[in-house]
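Following are the structures in question.
Below are two complexes that have chain A in common, paired first with chain B and then with chain C.
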Partner chain A sequence: MCCVKQQRAGVTPPCCLPLPEVNKLGSEVFMTAEELPTPREDAAERACSTTYSEKSLYHRSVLPPTSTEHRKYIICLWVNFELPDCTIKGLTNNQLEEIGCQIILGNTYHLALRPGAELIDDLGGLHKFMNWKRALLTDSGGFQMVSLLHLADITEQGVTFQSPVDAKPMLLTPEESIQIQNKIGADIIMALDDVVKTTITGPRIEEAMYRTLRWIDRCIAVTIFVIFHVISWAHSRTAHKRPDEQNLFGIVQGGLDPVLRVNAILIKAIISRDICVRGMVDRNLPGYAIGGLSGGEDKDSFWRVVAQCTAALPEDKPRYVMGVGYPLDIVVCSALGADMYDCVYPTRTARFGTALIPEGLLKLKNQAMANDERPIDPTCLCMVCKNYTRAYLHCIVTKDPMGSQLVSYHNLSYMMRLSKDLHTSIVEGRFPEYGDFIFLIICLYRVFYVCSSLGVISQSGFAMQWRLLVLTSPPAVLRNNRGLAKRNMIDEKLNKTN
Partner chain B sequence: MALKFEVLGKFNRARAARLALPHFVCQTPLFMPVGTQGLCFRLQALSIESTSSVCTIKGLTNNQLEEIGCQIILGNTYHLALRPGAELIDDLGGLHKFMNWKRALLTDSGGFQMVSLLHLADITEQGVTFQSPVDAKPMLLTPEESIQIQNKIGADIIMALDDVVKTTITGPRIEEAMYRTLRWIDRCIAVTIFVIFHVISWAHSRTAHKRPDEQNLFGIVQGGLDPVLRVNAILIKAIISRDICVRGMVDRNLPGYAIGGLSGGEDKDSFWRVVAQCTAALPEDKPRYVMGVGYPLDIVVCSALGADMYDCVYPTRTARFGTALIPEGLLKLKNQAMANDERPIDPTCLCMVCKNYTRAYLHCIVTKDPMGSQLVSYHNLSYMMRLSKDLHTSIVEGRFPEFVQGFLRVQFPRGDIPEWVCNAMEVAGIDISTCCAP
Partner chain C sequence: MRFAVTRACGGGGGRARVGALYIGGCTTAPIETPSLLISTRKGLPTFVSRDHLATLPTPDSLLLHVSPLHFLDCPSSKTISNIGGLHRMLGLHEHFFVAAPRDSLESLPESEGTNKLGASFETPCGRRLVIKPSAYVEKIASLKPNLWASMADEVPAWVSEKRNKTSVDRTLRWLDECLALDPASGKTMLGVVVGGSNIEERKHCAIEVATRNVPGFWIGGFGLGENVEERSALLNAVTDNLPEEKVRFISGLSLPEEVLQGVASGIDLFDSTYIYHLTLGGFALIFPFKILDHNNLDFQLDDTVGDRTKINLRATIYRKDTTPIVANCSCFTCQNHTRAYINHLLNVHEMLAHILLEIHNTHHYLGFFRAMREAIKGGKFDLFRHRFIESRRIHLTSAVLCS
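Entry: the complex of A and B
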């Protein structure tokens, strides 16, 4: 984004201040939706910028410059998880824009299979191909390979797997993953990481973590970017070719922080993640993802890992918690300092007739819905809640594709509204109240359901503890202190071993 | 009568009209999308679980249907009665309110689905007996009950229960079906004095059509084909059957008339002749609805012969196979040539899909993602509504023959127009000699 545009708006942008001032303020400067440049203009402007606040994603809302007393929060963006072939559960681009989706995910593995990276490149990139005018994020393709394909194996070279097309052995290297993502052309691309199941313990965690760091280097590959696309063979020797148009995020791996486990394993896990965080930070990437979660680990470990990472990751770069999820999880992670999330949950649960509402979950298949003339959520302003009743939806969910389509529309609207509320409440300085309110509502009504389904220990024990921990401590103290404490402890350990 | 039909323009037999219904004012000629999966045309027995789409159209929201320009959509009485049930719909204020569709609705009688979907369905004088798909109990749908269900659903146009026979059947069954249809229409109409005060329910139960001031009961003309190639005796009998039926229907002074028994595999030559025969005999000042038609070409021909309303699953069903309707005919999006074609489906089309998506993108997702059939359905319905609008406007503006010629030239650039079209256009009084190859 450009200072000139900010001045037109009559707002003195912190990005025009000297860099130390920006960091001191800790605020992020964004543009109003009306002022947003087209991707091409923005890329040119951003090419010559250096600070993070200028290297922004495409669409964000304006925050007035905040005082030093305000906490340094970055906005929350809900990143939608896409179906393999660049569609989202029966929703058109217009509908996604109505809902307020800002970034949607493209699935590199599926896109590379169909229609293929070359074709997408020939047709001008994924944005043009699917005519999506907002932001796109592609993952590395590694996760699908490991989870979808049997006989997939991870070696130092990359991920070897059997091609689903002709069963030939194939290899996805970090370089190739990035090249495919370059061709697809998303705003944010993910490094290929060595993904391990969150429940795994032992030396595999460390191995995966170190390999992830070695692979991020291969993904970054060359720091000087090639401006002239004249000689194709020169191209083929570098990996990330579009650092001025695409943002490569590193993924922090490293295992859990399981409070209930033996201390030795505990420390090793903490150390793994910490090393990975520091490694990633050293490489000065545009943003960071926290990976290896949302795979069945207990909630207590989950939030501690998020807290550990957000404490250690730089303040001025976005933090993306992959695969999260449930509204409650998002509120908690936002309180702990995360910014971006993706999950299939809202659309997947819609297919089973479950709608997301402030009180928790509404099961539209339930017989009580059969003659309920209210909308899904009377407080919701989405197209579905303005036009359809619970009775009508009860009639069609799980019986007609339209059912899952309409409930998906609502659920995504709910998630976007949640993102927006989180953002606005932080900006307006009323996040604790908002968080309080959310927790109160959730705790009173349905968090029991959610928590019990997630295997959390108990509503009163877990949620209250979480709430107390997060909301009663000043976040800066919370994060910095906990981060510091951990860092001190780790340093001691390292010093001891040295 | 709860409709007003006003002819705004004519060309020989073709007419453009304004059809004012309780919920919406429509323009004819008019295509009506069908709100079901289109199982009407599958003649094998299917379990009820495989039917879907009670009152939805192929993944399109109400807003999208309005954008496309749909004016009337069809509800399927048989499916609605099963799920969610006529009582529930009535309690919730009728189908319009239930599905929040602000424009017009038409429901069929339910008879056709019963005959085509359910094995062991049988037609007797009483009604249609069938095995309930829910609990396999024997059930009976009478003309009275069909109308009562449709009263509860509350559509603007309701259809009489008719004795449907396959179009390819010959012999005395045709006559039997035709006379029974007439007897049944009487039972559907039942009472001419409408009950204003809904006080005593038992008095209600003794009448069938209770809402003649809010709903329009259409009669369906049955009676077999007019097969030119058959033996004269059968020919005359078939003509007579239909003619008797038409006159019977007309005598009952219904708000509108449907031409039934077509679109079941009969040859095109018989098809157009039956339509011509019926439109010649039906009154000018009432809408004529050709059920189950169809292909764009068929609609143009029938409009030239004097029909006004059409319904068919074809546009949405063919979309599921990745086929889009364009002025030139059909565009098969699954074809490999589409893989890198950056044009929209139809550069002349202004629909949301043609303005936002390329053939390459659609090629990628059709038959692989439900979104594919949804987007192509959107386009195909837009095409049908654009065709309806073009037919209406060209008649009103006095350039109908030019429109037909242009339509045929684009569809048949080599001039190989089928003979049945030429014959039908001759009867319709439209000169298409310039479009035919010498």
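Entry: the complex of A and C
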């Protein structure tokens, strides 16, 4: 299988042995510039990834309580989302490689609908179909139970979706989801989970949690069998046919504490998460995802759930928080020990004319941008910031296709830079300690939400909340040496606006 | 900017010619004509960003057409001058911009609204407005394009003789006004020739404009409803009266057949909306360039969804087609993606489909111009033109017979 995959990536296999040093997803994704493999080598290494090594060195900010060694941890990784239709909207593959994207996410449900798993399989898998030489991740389609709830009917057997294209019913069972993902051939595949809207309460959450656990067993039950007994007839009966090529991640579900004051619900929610986390950990999967978040819950519950899950998940496996994408959330989750994130936010917000900058958001449609001759972010080194001014982007965003292309390019570069900065600050030990951070998180989120509820947006188009973040946070978002200069710049701007 | 005709009398009754456009300070290699001005929207191609623009063959792809009317709303002239003109604003320092008000897509001349004060246009922001020569020259001064066309009163073919005559008079008057207002006194200005479908007016206008001290000419008023059979005579009436050694641009001729017609009359540069329309419709150009090498016109009807010059990638037969659009094509799209992938992207309405198609179509159309130049150099332009048109015609006939 290993060889097959290497040929698919267009690389002659030097050997078929797994390379334990490079097969960890996270370190592959976020190496420093000099370590960063070229795309081709990367493909070869990726192809050899089979198991997770004991020696894995995760860079996380959170030291697990049991750890006696003084290691610094965190991997921070930005998984680009928005691949329902085999493309990051508006960007070509070589632009993504230029930006430094190492892994992108596709969605099983959308891919199964169009162009169809059979077709992708016939044409040699998604990597080949879209000519993407780096890593791919496919979501199981569970999220569509929330986003397309009006088209979905959830039972113990699986989910029946009504196709928005031709209105035919399509049954997505856990086995089906895995089989489709096998055909698509991504490097990381997700187990089907029962996703519920985060804002609902009651027994449905508990049901979803237990169902997720039952479904993961259906996804992996036969997989383990294959690993230990490679018997050809068993292949035909397995749900997950390519365990040696694809890494199956389990998803932790369960509610959150929607109303902190109601103790009974809080305890129940925490317990249900806990059961799910334990259940997942027992199943010893290559990686774990924290699901059911970022659906409109309040941030106090959000970070508590992430903290609770990361504390219980094994230290040597990647932890992936699904659907998280605001820059602040990524900083917070990384501090809590999560490794991977995905979101449509950077590209979607770009199409609506908002650029991400270290100070926060830059609303390019704002009249203040019409005559601004500066680049989006003077400190950014991306193609867009080197060449275009805010004034020019002001007149093309939301009107011309080129506007969305350019701002998407910038926003993704920004996200990649943010993750890289987080990574280096953790490696170099500049990330604040865990204990301090919990306090900080509460402060940050409070400030953030007070400001956003007041709708504080200054004349120049900056959203205030991020400025406050820069002023209050330790320079996790910024590189240390630039912090002072930035602070001066911001003070100046504040003075001007006053 | 310097222009020289390197090979004339290649065909088309001795009018077709190959020239070299030396674009001062930008690059050492001259751009050979006949060539294509890549049409843009606010200075950048609709879908192709600057990094992909660089992958297109140079120096041919350095020529861009820009419409100053796209910048009427924003940014303001002052901001554009502060940024340092078009080249800096768009991050295309090496490129050669030719500015003309009409872009044949969104900024269309609106002859009914035009009065003695200024020309009227439909603008991208959806309103008609009258633009005066002074405002136009001010915008040009801030944009600093490499060449720019003076203002014209372009009228469609169906207007009365009287209106047509007025348009010629106005265009000539505005040409003089622009010359007087231009700080560089017309060093980078193209004189506009109009005259509708009247051969006499065309001649008169061309003779008048030729007396002005301008480095080149912009032929307007085509592609506005004139008869295709009459067009050659009109074009010849214009080009015969323009000095040989100066460069000639035309607006409104965009289909390959129309371009061939223009080249036969001695036009050097074309602004083309063909690529844009193809791209939006999901079409990819596939016609072969080396039609002169084949001695027989043995064209077989091999597929049912194309006309041998282009294919419709939305068609279901490309669903599992893992070949590139054109085998051996060196463009980014053909090097990296298959017909099946583009077919899928079109089905799900993804912008990437248009990006990839515009890259390929621009690349291919530039190749068509290159092949045309080779044909003129080899003295076989007439044969090239004949073969190209015949191959399409044969296909259409056989398609009709088959159906």
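Everything that follows uses one rule, which is that the second predicted complex is superposed on the first by the 337 of 498 C-alpha atoms of A that agree within 3 Å, B and C clash if a C-alpha of one lies under 4 Å from a C-alpha of the other, contacts with A are read in each partner's own complex, and residues count from 1 in each chain.
Everything below uses one rule, namely that contacts are C-beta pairs under 8 Å (C-beta built on N, C-alpha and C of every residue); 3 or more make two chains touch, one makes a residue touch a chain.
Predicted model only: the values in this text are computed from it and were never measured.
In the model built by aligning both structures on chain A, chain B clashes with chain C.
By the touch criterion stated above, A:N371 is placed in contact with chain B and with chain C alike. Of the two partner chains, both chain B and chain C are touched by A:D400.
In the superposition on chain A, A:F129 makes contact with both chain B and chain C.
In the superposition on chain A, the residues of chain A touched by chain B in one structure and by chain C in the other are 85-87, 89-90, 92-94, 114-115, 119, 122-123, 129-131, 370-371, 373, 383, 387-389, 391-392, 394-396, 399-402, 405-406.
Interface residues of chain A facing chain B in the complex, by the touch rule stated above, are 83, 85-87, 89-90, 92-94, 114-115, 119, 122-123, 129-131, 370-371, 373, 383, 387-389, 391-392, 394-396, 399-402, 405-406.
Residues 52-56, 58-59, 61-63, 83-84, 88, 91-92, 98-100, 339-340, 342, 352, 356-358, 360-361, 363-365, 368-371, 374-375 of chain B are the ones that touch chain A when the two sit in their complex. Those residues of chain A that touch chain C in the complex are listed here as 84-87, 89-95, 98, 114-115, 119, 122-123, 129-131, 370-371, 373, 383, 386-389, 391-392, 394-396, 399-402, 404-406, 409. Touching chain A in their complex are the following residues of chain C: 41-42, 44-47, 49-52, 71, 73-76, 78-79, 82-83, 89-91, 124, 319-320, 322, 332, 336-338, 340-341, 344-345, 347-348, 350-352, 354-356.
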